[in-house]
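One chain, chain A, appears in both complexes that follow, with chain B as partner in the first and chain C in the second.
So, the complex of A and B:
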């Protein structure tokens, strides 16, 4: 007979926290390996193929980076909110709404020189995303509505608004639900590495900017206090309602940028599938990175490898595309489960006592 | 009515030598307690005296470290939490355990042991009606709990225990959330219940209620049983003394300082508690510079709400607060901080510091906005850390490093961080709430000397404390708070501890003096 006992931990060091995260990823990969094996494929071969497809060629590397770009934006979006204990499950919807607003300008506004055009589109996308996030922000602050529910539900509203235009006035000449191609002025320039575009530079810049804001500004200090304890922040004289609202807006703006980057960087048009769940994957990225902006870059890449890997497994090994989704889900489960180990040590006690 | 204390009444509960500690804190030490049929036995004591813990052991929520519990003469060990209710001991907790969106009837039968797979609601309704007739109080069984006033919800809780045929009913501070009429009504009901032969344990800190309904009173203080007395044979004065203890003669030197103008003036203040009932009612007072106003009282009589209102952390319903002749009633906290109102909160770890942030980040909480610590939006982290280090050195805070998260500090060091932060800011008014609660002797001394220093420097201090050594040692004047207002405000030394104990339980200054003269 043995007994499992949970013992409260005093505190985990950053190093322990990293180990716990890596351990959780390991567990998740092992479990997805079993899932792959059940489909009659050697999981080791499959994982090797995934790595090969992501890093085996310059094309693979550029595509992996390309997919990581929107994840960096949505990861930052979720992380900045999470830092203040706000759950933004609505990055997906904010992404779509940002893209819709930017697209509206491309379709109905003047065609301006590239730098001006792109600046306007980026700003509009950010404003669009921020606007979409302001709805749950208002509901939470004014009526104490749980933001998990409101942000999640608004995702579907945003996607349906996109559909409304795509099946309506924005429908392209060949009658499919996508807009006409954007003019060359409304496309993010390539940076000479596969399809990779300026978006990655913007993302990396934002990472640095956010790091600086958090650590070297008064606003950042307020964010740190608010994130640690609402009561203490209030005690320190911080207007926590205003702070929360600002965090929502900023979080939404970042997700909105992801939308603009997608339509101006790769797709060159608005259609129904500009995001393959980047808003949701961003939640996993933010969790894995424990909201640290630099670590977000690493985990955005990691998740992008998984997303891309799933595609290649589907093509090369005839595995269902769901493998990627399953792996992602397992990672999220494992990470959430590993929270337990952050707060508790597990002890196995032998004997009858 | 026959006397209920005759010996042929059967014993319901006997607790022998009960000891319980949480970590190193002994919360119950060798306590004996007994209850007979038809008896109302009051457990009297201040908050933290160990009343609720003792009862939690009688209901099997905790198990005692040592000591035995007998129920109807049989030694009983509570092997699972539901056992107490099963054998006939029911408790109504301070926080109700009703399901808000169900009806009264549904709540009453929820989890009832007689429930079958198919619920015959009509039959249940009939049974419950007989109970209500028996005890002569009636509640609309179809009303939704959330739509009922607190007083009725309390009755539902009691009825819930009655329909389970408990022999022992424990009610924990049942009148704190009730109006006067509701409280009187409740006590009538409890009387009826005890007349039917059930035993009632009534946990309270209010003297008037004890005299109104209790047959016997057991007084606890700081985890120890002081005495069990028969209500008819005791006086309020005696009870007050047992409840608050003896004056100790810790001497603090309070040199005469020049008293300045009225630094803070509170006029007819009304403040709500979190439960949206009035916690501060029509309170007026003023404090001068160079003066400590000690506010004493049992926890939960509006002290915290008063402190919150003074610092801008709670809305003022009616009334005014003036600081240095400026009406600050509607100023947000940040403006009051800048004006020089300092707050040393009772909840150190959750309010006083942001626990997961470093010590240095916590030390700059109130000054980071000043222009010398960064231009415009930016922060000068180097200067801020220097400032933090200066405080750590000046107040002798023992730390391995300034990057240590505040929550890892010991209670004493944490309080030093908070007090250092606030004293360094040179404010005009200091509001200190339970500043030495849970601290060791050394840290307590540091805090008290710091408060005296503030006073001697001409600051106004409002000291909210439950510690009489502290109140008597530091205060120039003392206000005793009871149910949201002062039952008395007077110069330190005018009244004895016993009198203050009476005022804490609801006597006015005059009544307390009269009570003392009677003996």
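So, the complex of A and C:
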């Protein structure tokens, strides 16, 4: 007979934490290997293919970076909310709404010189995302409505609105549900590495800006205080409602930017699949990165490898693309499980003690 | 008149999907565990039920298998949040993703496959002859009838039995209930698994009995609507009837408006269930007190922290 006893321990060192996280990811990948094997594919061959497709060529590397860009935006979006203990599960809908608003300007507004045009589109996308996030923000602050449910339900509504335009007045000339191609002025310039575009520069700039705001400004201090303890924030005289509203708007704006970046950066049109669940994957990125902006870049890259890998496995080995979703879920489970090892020492006691 | 009867009949049939899941989630939440994985669990139930129905041709076996699958997912959630003490929100999200992924991964071979048999409607003698009411209520399949009784049974268990008391105590005051001799961990495990079984059944009802086909992601947010309806029902199984059937009726609203040629974009009508769910929640919030909200909902319970 043995008994398991848990002993609370001090916060683990960063090095230990990294080790535990990597170990958990390893376990998750091993489990996803089982799923791959169940489909009659050798998991080692599959993983090798994933690595090869992501890092095996300069083209692969550029594509991996490309897919990481929207994930950086949605990761930042979820993280900034999570910092204030707000769950923004609606980045997906905010992404679409931002893209819809920007697309409306491209289709119905004037064609302006590239720098002005792109600035307007980025601002409009951010405003669109912020607007879509303001609904659950208002409902939470004014009516105490749980934001997990409201943000999520609004994702479906945002995508219905996109469908409404795509199957209606924005339908392309060949009757498929996508808009006409954007004019050259409404396309983000490439930066000379594959299809990689200016979006990655904007994303990295935002990472630095957000890091500085959170850690070195008065606003950031208020943010952190609100996130760590509502009581303390109240005592410090912070207007919590205003703070929460601002956080929601900023979070939505970042997700909205992801939408604009997608339509102006690679798609050059609006269609139903401008996001492959980037809003949801952003939750994983933010959670894994513990809301640290720089670490978000790393995990956005990691999840980009995974998503891209799933795509290439679908093409090369006829595995259902859902293998990417399964692996993401397994990683979340494993990381959740690993929390225990970070917070507790586990002792096996022999005998009946 | 016939239109109205059809609408109400379908409202009951489609409300049943949500009713099973809502009752399941109420049981789980009453014990103090917040399960946000309903969407994924429903999808797993829908897929696995359809899979078993397709390969065995035995519909009841299919429903049982889906229930078992839902229970297994409940067990995963219980293990992660109770034993591993992890965040209930994130575990729920992981469960949703897992269900979406796995059901799509293995369900790909079932797309476009039709079942050889289906749940036949059973007309209840005498009752089904009542004008309107009889046609709306008493000519359904067996699963709809079970759903008529289920909330009553669960309500009875909650209010009148020792088990019900244990579940509610675990969700309200885990520390004092432990002192009173209730094994909080065990109770929460059971409530999460039983809730999962009902959520799994709701998924199988959707694929095997209601729409009679399997489509990837076919729950389309019904799991999230369920979570909202639990709040709407104030964690009371009896109010769950109203919420679920009202929602079933709302789903029909789109089709109805179409029939009467009301000038409203059809695609936007698809948003009605989601928007109304938010309105439901708003209504609840305006009404004030949520008296039955389990006090310890979503909060991890550490047994040894009292030692």
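The rule is short, and it goes like this: the second predicted complex is superposed on the first by the 351 of 353 C-alpha atoms of A that agree within 3 Å, B and C clash if a C-alpha of one lies under 4 Å from a C-alpha of the other, contacts with A are read in each partner's own complex, and residues count from 1 in each chain.
Here is the rule we use: contacts are C-beta pairs under 8 Å (C-beta built on N, C-alpha and C of every residue); 3 or more make two chains touch, one makes a residue touch a chain.
Bear in mind that the values here come from a model prediction, so they are computed numbers and not experimental data.
Visitor: Does the chain A-based superposition show chain B and chain C clashing or fitting?
Guide: Superposition check on chain A flags a clash between chain B and chain C.
Visitor: Applying the document's definition of touch, where does A:15 land relative to chain B and chain C: first, second, both, or neither?
Guide: Neither partner.
Visitor: Now for A:234: first (chain B), second (chain C), both, or neither, which partner does it touch?
Guide: first
Visitor: For A:108, decide between first (touching chain B), second (touching chain C), both and neither.
Guide: After superposing on A, A:108 lies clear of both chain B and chain C.
Visitor: Tell me the contact category for A:220 with respect to chain B and chain C: first, second, both or neither.
Guide: Once the two structures are laid over each other on A, A:220 reaches chain B alone.
Visitor: Hey, is it chain B or chain C that touches more of chain A?
Guide: Ranking chain B and chain C by residues of chain A touched puts C first.
Visitor: Looking at the complex, which residues from chain C come into contact with chain A?
Guide: Counting only chain C, the residues touching chain A are 36, 76, 80, 84-87, 89-91, 93-95, 97-98, 100-102, 104-106, 108, 216, 220-221, 224-225, 227-228, 231, 265, 267-268, 270-271, 274-275, 277-278, 281-282, 285-286, 304.
Visitor: Within their complex, state which residues of chain B touch chain A.
Guide: The contact residues of chain B facing chain A are 311, 313, 332-334, 336-338, 343, 345, 347, 350-357, 361, 364-366, 368-369, 374, 377-379, 381, 405, 407-408.
Visitor: In their complex, what parts of chain A are in touch with chain B?
Guide: 10-11, 215-221, 224-225, 228-229, 231-239
Visitor: Give every residue of chain A touching chain C within the complex, in rising order.
Guide: Touch list, chain A to chain C: 6, 35, 39, 87, 89, 139, 143-146, 148-150, 152-154, 156-157, 160-161, 163-164, 167-168, 280, 283, 287, 320, 322-330, 332-333, 336-337, 339-340, 343.
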